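Take a look at the structures below.
The following pair of complexes shares a single chain, chain A, combined with chain B in the former and chain C in the latter.
Up next is the complex of A and B:
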């Protein structure tokens, strides 16, 4: 446990010192540009557009950050050979991996929280009378970030190429938003083999519709049981990806 | 021991699969992308939806709908003699990206049913019916459908009564208010028309209608003045 805490701490500090604040700056620019465009184009739905745009920008920046950071997380240490130094100490490999992953998730989560607070304050400044479900939307975005981070970690270790891992991460990210479409195509397909393949794929790939409260915000408050099941799904899917990452990492010879 | 992480992964993945039916049953379902009307913006919509930006895609589509209805969208031109030719498709595009976008249904239906030279109430009813199906929480759709039915029958009094009942609804689009104000004006009910245009001027979200509201207020005040002048008995010549 102490090892995990130590690795978590240095990973978190490393990210905060180096890269994560850039996401916040980018978010500020997106919000400013978005506010200008919105004021000109859809003034009568200003609150709605600012809410949607802010939540979307917040999530996209966090997702890009987590994929970028996680893909580099271990591969860079393998390339620079600093991982050898760490693993010569009495550090279990899964402790090291867990500390690195949680440190990255913590740094991205802190960035996501800072962006969320800034966005919420901006909305309040514009007179937005939100119904208090902002935190639910934020948690759903964090669930997506956790799943995507774990998947990117697995891909980086399994593929051992940063470019390939990033390309596949983007592929799964897009696929995760198309799970309903995959099932729709499977239902319409007359070919049993194609139908089965699509269904298996739609079940196995991460389904980001399970965290899609942000897009359904205007339809009303979220169902608490849906939120609870979403949390279980995020933990289980991220856990499965992390366990597979440990399996791959354990088999690497240093 | 070397296989322990694999066993954990299998168990965790099984748990993830096990909660999926609960999530799918309780999730908000969105129309598939294939249901979007054919517009030059299909790639834009597909790109945003594939990045998980469905609500933002609907907001952008809404801005484009407003641009189109103001005559500022070069990519979609109307056939001769058919103003607002693509309005139904653009309205349904917003609504199918985000079925809870109440104003998209009401805005498109308002123009299709009541705007001068447009007069396509059947298309308006089609849009509102989709709203009733896809956005069941909103109560004003059946009211507007009934108002359109009265308009088709020529029963203006009942149509006006129904439109008046929607004025207090915060989602009621400014177009519906301007339609009602124009009906009042054409019926000579200048005080009511002035009150509706005044409410439009007080509405910060209706800024794009303010220049028109100011013009209408001046015009209606002039009409009211001339009617009062004509109603006054002619002054007797002094002896």
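Up next is the complex of A and C:
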């Protein structure tokens, strides 16, 4: 536990010093530009548009950050050989990986929270009042971030190329929005090979339907059971990716 | 009692590129013992297997054949790493941290008890002459300062066995003198020191015994009696024992 804590702490600090908070600044700019456009074009729907725009910008910035950071997380340490020095101490490899991953998730989560708070305050100024819903939306975004971070970590270790890992992460991210559609097409397909391939992809890619709060949003407050199922899915998917990452990392010689 | 024991250790590096497998020999049936409390120098040309041997001791590589035992435990063994201090040839440190944060990290990883950690960090940084640069980022350190910070992380947990990979390479004469004094200070405190070097004159001054590696094998071992008071004895023995394996010929003077 002590080693995970130590690695978590230096990873978090490293990200903060490497200016991960610039994502928050970018978010501020998006909101400012969005606000200007909205006030000019949709004065009567200002609150709703600001809500959707803010949540989307918040999520996209956090997802781009987490993919970028986790893809570089271990590969950069291998390149600079700092991993080499850490592993010559009594550190189990999975502790190191866990500390690095949680440190990154913590830094991105803190950024997501800061952007969320700023956005929420802006919505309050505009007279919006769905606090519980906003928290649910934030938690769904964080679930997506955790899942994508774990997947990007696995891809970076398995492919050992930052560019390839980044490309595959984006591919799976896009695929993750169409899991149900992939399964539907697989069911309708007469070709056994195509059917199997589609099913494999639909199960391998994250299923973002578990975090799609927008459907619940317009139907009222999200059901706590639906939220719990999303949390279980995020833990299971991220846990499976992490376990595979550990397997790959254990085989590496430095 | 042996601090380190290599028993018929072989290490073959296998690399696959575009479906083509290439193999290179890192160690070829190495038998070597390092006794407790002695200063042992590992001499050899580039590619002779010095760094491979050290990586096997530190558990960063797995032997292809044979056994490596360190402080009575078969490697790789994470627990035994708590009793070893290791400084690599270059300081592979995370440059975004300050000197204090860096050493605090390694103290935590080396299981220095939390209440004693801060005092140990400060005293060790002062010991290696970096007391004034505790809160400076490592990115602002000079090469010599980084080397000292690397030595500090190797010694922070008062290890029984200290391994120094090319500790004097690239250092100025004054720093070399200090490293030499440090090795002798460690020996006086009953520590076992293993260091690898190209520098025969340095090895002569501090070692109790040396081992000459050539082509991944132990070509010769010598004790201090065999070179003390005999100018060029070690250099001549070295030249006679090694064979070039790096594919370059001699410099021709005709």
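Criterion: the second predicted complex is superposed on the first by the 242 of 254 C-alpha atoms of A that agree within 3 Å, B and C clash if a C-alpha of one lies under 4 Å from a C-alpha of the other, contacts with A are read in each partner's own complex, and residues count from 1 in each chain.
Quick note on the criterion: a contact is a pair of C-beta atoms (placed from the backbone, for glycine too) under 8 Å apart; a residue touches a chain by one contact, two chains touch by 3 or more.
If you're wondering where the values come from, they're calculated on a predicted model, not measured in any experiment.
Q: Looking at the overlay on chain A, is there a clash between chain B and chain C, or do the two fit?
A: fit
Q: Quick one: is A:171 in contact with chain B, with chain C, with both, or with neither? Answer first, second, both or neither.
A: neither
Q: Go through the superposed model and pick first if A:226 touches only chain B, second if only chain C, both, or neither.
A: first
Q: Touching A:243 in the superposition: chain B (first), chain C (second), both, neither?
A: first
Q: With both structures superposed on the shared chain, find the angle between the C-alpha centres of chain B and chain C as seen from the C-alpha centre of chain A, to the nearest 10 degrees.
A: That angle rounds to 170 degrees.
Q: A:133 in the overlay: touching chain B, chain C, both, or neither? Say first, second, both or neither.
A: A:133 sits against neither chain B nor chain C.
Q: Of chain B and chain C, which one contacts the greater number of residues in chain A?
A: For chain A, the partner with the higher number of touched residues is B.
Q: I'd like to know which partner A:6 touches here: chain B for first, chain C for second, both or neither.
A: The second partner, chain C, only.
Q: Between chain B and chain C, what minimal C-alpha to C-alpha distance in angstrom results from the superposition?
A: 12
Q: Which positions of chain A sit in both the chain B and the chain C interface?
A: none
Q: Chain B touches which residues of chain A in the complex?
A: 38, 41-46, 48-49, 52-53, 55-56, 59-60, 94, 144, 173-174, 176-178, 180-181, 184, 203, 207-210, 212, 214-220, 223, 225-226, 229-230, 232-233, 236-237, 239-241, 243-244, 246-247, 250-251
Q: Note which residues of chain C are touching chain A in the complex, please.
A: 55, 58-62, 78-79, 81-82, 84, 86, 88, 90, 92-94, 96-97, 101, 105-106, 108-111, 114, 150, 153
Q: Mind listing the chain A positions that touch chain C in their complex?
A: Chain A reaches chain C through residues 2-3, 5-7, 9-10, 13-14, 17-18, 80-82, 84-92, 253-254.
Q: Within the complex, which stretch of chain B touches chain A?
A: Residues of chain B touching chain A: 2-3, 5-6, 8-10, 12-13, 15-17, 19-20, 22-24, 26-30, 32-34, 49-56, 58-59, 62-63, 66-67, 98-101, 103, 135, 137, 174, 205-208.
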